[in-house]
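The structure is given below, and queries will be raised subsequently.
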Amino acid sequence: MANRKKKIPVGILGATGMVGQRYIQLLENHPLFEVAFVAASPRSAGISYADAVAGRWVMDTPIPVVAASLTVYEATDVVAAADRCRFVFSCLEMDTKEQIQELERAYAAAGLPVVSNASAHRWTSNVPMLIPEVNAEHLSIIPAQQKHYGWKSGFIVTKPNCSLQSYVTPLHALMRAGYSIDRVMVTTLQAISGAGYPGVASLDIIDNVVPFINGEEEKTEQEPMKIFGSIDDGHCVPRTDITISAQCTRVPVIDGHTACVNIGFAGKKPTPEEIKEIWSSFRAKPQELDLPSAPRQPIIYREEENHPQPRKDRNNEKGMAVTVGRLRPCPVFDYKFIALSHNTIRGAAGGGILNAELLVAEKFIR
Amino acid sequence: MANRKKKIPVGILGATGMVGQRYIQLLENHPLFEVAFVAASPRSAGISYADAVAGRWVMDTPIPVVAASLTVYEATDVVAAADRCRFVFSCLEMDTKEQIQELERAYAAAGLPVVSNASAHRWTSNVPMLIPEVNAEHLSIIPAQQKHYGWKSGFIVTKPNCSLQSYVTPLHALMRAGYSIDRVMVTTLQAISGAGYPGVASLDIIDNVVPFINGEEEKTEQEPMKIFGSIDDGHCVPRTDITISAQCTRVPVIDGHTACVNIGFAGKKPTPEEIKEIWSSFRAKPQELDLPSAPRQPIIYREEENHPQPRKDRNNEKGMAVTVGRLRPCPVFDYKFIALSHNTIRGAAGGGILNAELLVAEKFIR
Amino acid sequence: MANRKKKIPVGILGATGMVGQRYIQLLENHPLFEVAFVAASPRSAGISYADAVAGRWVMDTPIPVVAASLTVYEATDVVAAADRCRFVFSCLEMDTKEQIQELERAYAAAGLPVVSNASAHRWTSNVPMLIPEVNAEHLSIIPAQQKHYGWKSGFIVTKPNCSLQSYVTPLHALMRAGYSIDRVMVTTLQAISGAGYPGVASLDIIDNVVPFINGEEEKTEQEPMKIFGSIDDGHCVPRTDITISAQCTRVPVIDGHTACVNIGFAGKKPTPEEIKEIWSSFRAKPQELDLPSAPRQPIIYREEENHPQPRKDRNNEKGMAVTVGRLRPCPVFDYKFIALSHNTIRGAAGGGILNAELLVAEKFIR
Amino acid sequence: MANRKKKIPVGILGATGMVGQRYIQLLENHPLFEVAFVAASPRSAGISYADAVAGRWVMDTPIPVVAASLTVYEATDVVAAADRCRFVFSCLEMDTKEQIQELERAYAAAGLPVVSNASAHRWTSNVPMLIPEVNAEHLSIIPAQQKHYGWKSGFIVTKPNCSLQSYVTPLHALMRAGYSIDRVMVTTLQAISGAGYPGVASLDIIDNVVPFINGEEEKTEQEPMKIFGSIDDGHCVPRTDITISAQCTRVPVIDGHTACVNIGFAGKKPTPEEIKEIWSSFRAKPQELDLPSAPRQPIIYREEENHPQPRKDRNNEKGMAVTVGRLRPCPVFDYKFIALSHNTIRGAAGGGILNAELLVAEKFIR
């Protein structure tokens, strides 16, 4: 067991929302981090975290005792944060993207690294959009980012949208193995927790499907281009030789986004056996560094014809694995398969924590 | 109101199952047909229909009074059927496809037209697979079928699988308007009622998605080829210039199959406005003949960005319309859209009834 | 078919909410009434009804064409209402009970009878709380109410809470037959539509039960006392010789409140056969007057051991019947049984319409 | 960590069913027990456990590796069991109660203690029906049972039905504190997992409630009498001074039975504060012995007005706690409250494991 004294104190911006709650839950007993600062909107400021989430705590485990008694600060109180923690997780929700950008920059300027779930800075070219198994090397642009803004220890990294988490790592594994994918069709069946709380009204989703999620298809189509992109002169240059078309739907599932994926290769094609072997043996930076939240097996292939299923596979590797199944030929492209990941663990808070663990291992957070 | 005396007495084979129940429900007060014969497996034979479905009636309206008191016959009792009705709806479930084929042929040989929901004869080349709005002209092969088998008044027509009902008519409307579609990707989100009763276990589908339905993707990819096919010398010749790739999933929805569709055109492409106009103004044989179960508007386009939805759109036009929405450009093909139809009405019993109404109007059933 | 010219023009206050939408749906093609005025909060005022409910229409049939094009007025615009309709249905939601009371009185003062679903005036002693099958004679206090307030044609009647609709009529039938009930335990399993829209968050109710509904247990325990009460000098005097204890829970059901009821008799007890006979043969004022929305059979007893069920019984008699089942001895009291009614039809809009039909038949609305 | 060598090898009869799967899941990494023998019906015999549950494993974690490779034996193969394990958990399902009784006796006769979840022996007067927090002293009849049957090391203990697990411990805590309860009304809202797999058809429970569970109300009313009973001459004598009336319903919840309870006291009544204090401070034998599966706090009282809720409270204390809330006066009896427990953990496999741990601690299993 890690010595409690040495844990890094962390802050959570937007701590009372759905993703914030998941951070609080996952960071209980974390070996490296301890929650020392929680911040939210002005109406929660000044009261205890337990009071702030009373009646709206939606996790299926109780509020951790330590977090319950923390006083909630206003998210704009950068000074209070700087006194209490060494970096912050941001799951801010504000009226405009610009407000979030500005506030995240204020934290970085105050010397606090910002590990963000928010979409505000995802397309800022000198801010990495990180999946540690896919593009850990994008962290190399952080010094240029710091230099550009004149920041010393502070910086910003983001993570991508939850909708693409299930299929981007499997695609990357194939590309890393030398196969070029040039076209992707994906239909997602997304869980209600992705919409936050209160989020989706029960009258809209019980015995129903909603075939639309605002802004989601655009993110699902475009964000992989930056993640798969290259680094040039301190900036990330998105890839342009892959085209993705996405249809995003909401289904009555609590946690776990499912993606039905069709892929086409440019050039040589792997056999199904090769694909399964590539996925099953795939290991990357988080596994090499043995990060605390890293799934031992990042991509799990299930041979059963009716898997992956959200309720039965979302918790694989504590919700940090991607589970894939039903690889088969596609009459139009080359292959089709089903991919699944836990949207509020791997796709949100768990993914953010893994990012922070990588930043510690790589000495960006000290 | 039609004179009750003149109604055509009909039989239902497999009357106690899910689709059989829907037939019983929809045929209550039908202007042309009255249920005069119900048949099922040996264990239901000899008791009243009400007793046969006790504890397993899953419709949300009570068992119609007339049907409740009918005695259930064994499905193999062709003689009893021939005494009591002029044609039969078949939703037989038997151990093998061959058994169903044989029994359906026995009914036809006994002079009874068989309007079938079963898949057994869908690929028999001289048996039409019918969607009245799409390929009513395929009925022209019935005389050749009768001649081949030596049947007089009896014959067999089938209807396609419920999974493709939502998108085949919209595709047909575009092709009829002169646009050639050559590639289609479709992911379906299918309702539990499609699996019959008891069908899907609640432990498998609450808070879950099952990304596999046995045999469904093959049907979804291949059956449209026959429906879109041409007639040659008393046989149906499937079309070969379209390729469809399907992924079929089961979701926690009671009724209503949703399809997320991507299409590509060969040659000239319609504009979005043209497509919507083609769909909204589409009328075909059932509308021209004003068949009792024909939807006045077979394809309804909804402009709201979050429609069609199964619970809110499945009952459009009494469950007989296809509802379409979210037409938008596809970065990989040309367009993508969402389509929805009621799987046990339009996709099963209602579709079968419409087939029979067309057969009456066209004098195949007299 | 009634002559359209002679239909009574009616208004709906709170027309955009859940219950308001149900009124709009049920009044399409009503033989006596036509919707001529719709009112809601200021933010909907001045736009069409279709626009006002865009994205929040939750019925499973389309918006009726006539209603869609009506302009929405502000609910406080009594003058506009008086120009356009002869009485109003009130399903107002406002910040305080006093505001609703005041506004409903303003409508009555303007000469418009108010048939209210709101709880504001339920305990005003000279305002009837009406279930037409139970206490139609309470209408006799309307003249005293009008005299007290100095109203001419206007007045206010209310209907009780949806939670008690399922068991109050069965209790009444037994009491009317001469059996005294003195103690009742009831646990309700209530549908999400009872909470309006957006109402219950999906994250709170999928795979869950919420054992609390604000204010519901008090209403469930107390309102029957007024309904069962007597009339004295223009006021309703609640009954005091029955005690009810209620536990109210929310379950993942869209429509249909289920009640598990235990009852004890003071004095002689009917046999189970007598109870079933009393219920099955029960007819009251709405049936005698053959009101358009009256269920032919107000209490349906189902002998199947696993009924009533919300999804399969809520639509009995077009959602206006109470369905009862599982009558059996109670080891602690005398009997226990299950009762069910459709909460937004019988328990809300349908019940309000039946109230209005009774008021027309009894010449209170002319 | 316990030395793996010293773990007690255990068998599971009925290992492929719902409860059997839960045993397999919960016993992975158990400090005292290791699964060494799995048995089921003849059709699973001879294949691996993984193969036997393929396509029907319904837990939300993967099949434990050790269990996956065990060969499944026929449940009647007592000899094989005796070679491989020191005692067995029985969750047998057979055609008749007598068959289960006979087979459980055969195991006991072979020297194997039987820790049973089955209902077959619950009313055998010299077999304890055990909740370790309530009636641990009932184990004292085991020697008499062994003597009666002529068994040496073998014996049978049972656990009660899952439906009563949520409220029996809270009632016991009050009675142990000196308050006499004489009447109880309880309505349960039970999870689908209680019906096993495939169990409840999804068409029967999505958007629905089923107000009937075969045999459940009788068990819920009568079993507490034996649990609360006294021991006389080697037999358990059921209590007769409490009357319970139960209504049992099935709701669309995966795990976790909720009970709405009304209680009346004979003689002095505790205040609400006293009740809460009694519950919160309640500790019993499993806590005193610090059994591995014992909840540290067996009864958790939640002050939030909308708890306990199945999805949010079923996992309290790893699914072994009872969670109680909403204590309030009852107008008919004295108090009402809501109680909840995890039906397949505390109410089934977890409860069985706790029974076995107590039997080890008390030296009945050696």
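Letters A, B, C and D name the chains as they come in the text, with residue numbers starting at 1 for each one.
Please note the rule applied: a residue touches a chain if its C-beta (ideal position, glycine included) is under 8 Å from a C-beta of that chain, and two chains touch if they have at least 3 such contacts.
On a predicted model such as this, the values are computed, not experimentally measured, just so you know.
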Neighbouring chains common to subunit C and subunit D, by label: A, B
Which of B-C and A-B has more C-beta contact pairs: A-B
Whole-Å gap between the CA centroids of subunit B and subunit C: 40
Rounded Å distance between subunit A and subunit C, as computed from the means of their C-alpha atoms: 48
Inter-centroid spacing, subunit B versus subunit A (mean Cα positions, whole Å): 43
Residues of subunit D whose C-beta touches two or more other chains: 58, 206-207, 252, 254, 306, 311-312
Residues of subunit D that touch subunit B when the two form their complex: 18, 58, 192-193, 197-207, 252, 254
In the complex with subunit A, residue positions of subunit B that touch it: 183-185, 187, 189, 207-212, 221, 243-245, 247, 249, 251-254, 258, 260, 262, 305-312, 325-326, 330-333, 336, 338
Residue numbers on subunit B that touch subunit C, as the complex places them: 54-55, 57-62, 206-207, 254, 304, 306, 311-312, 314-316
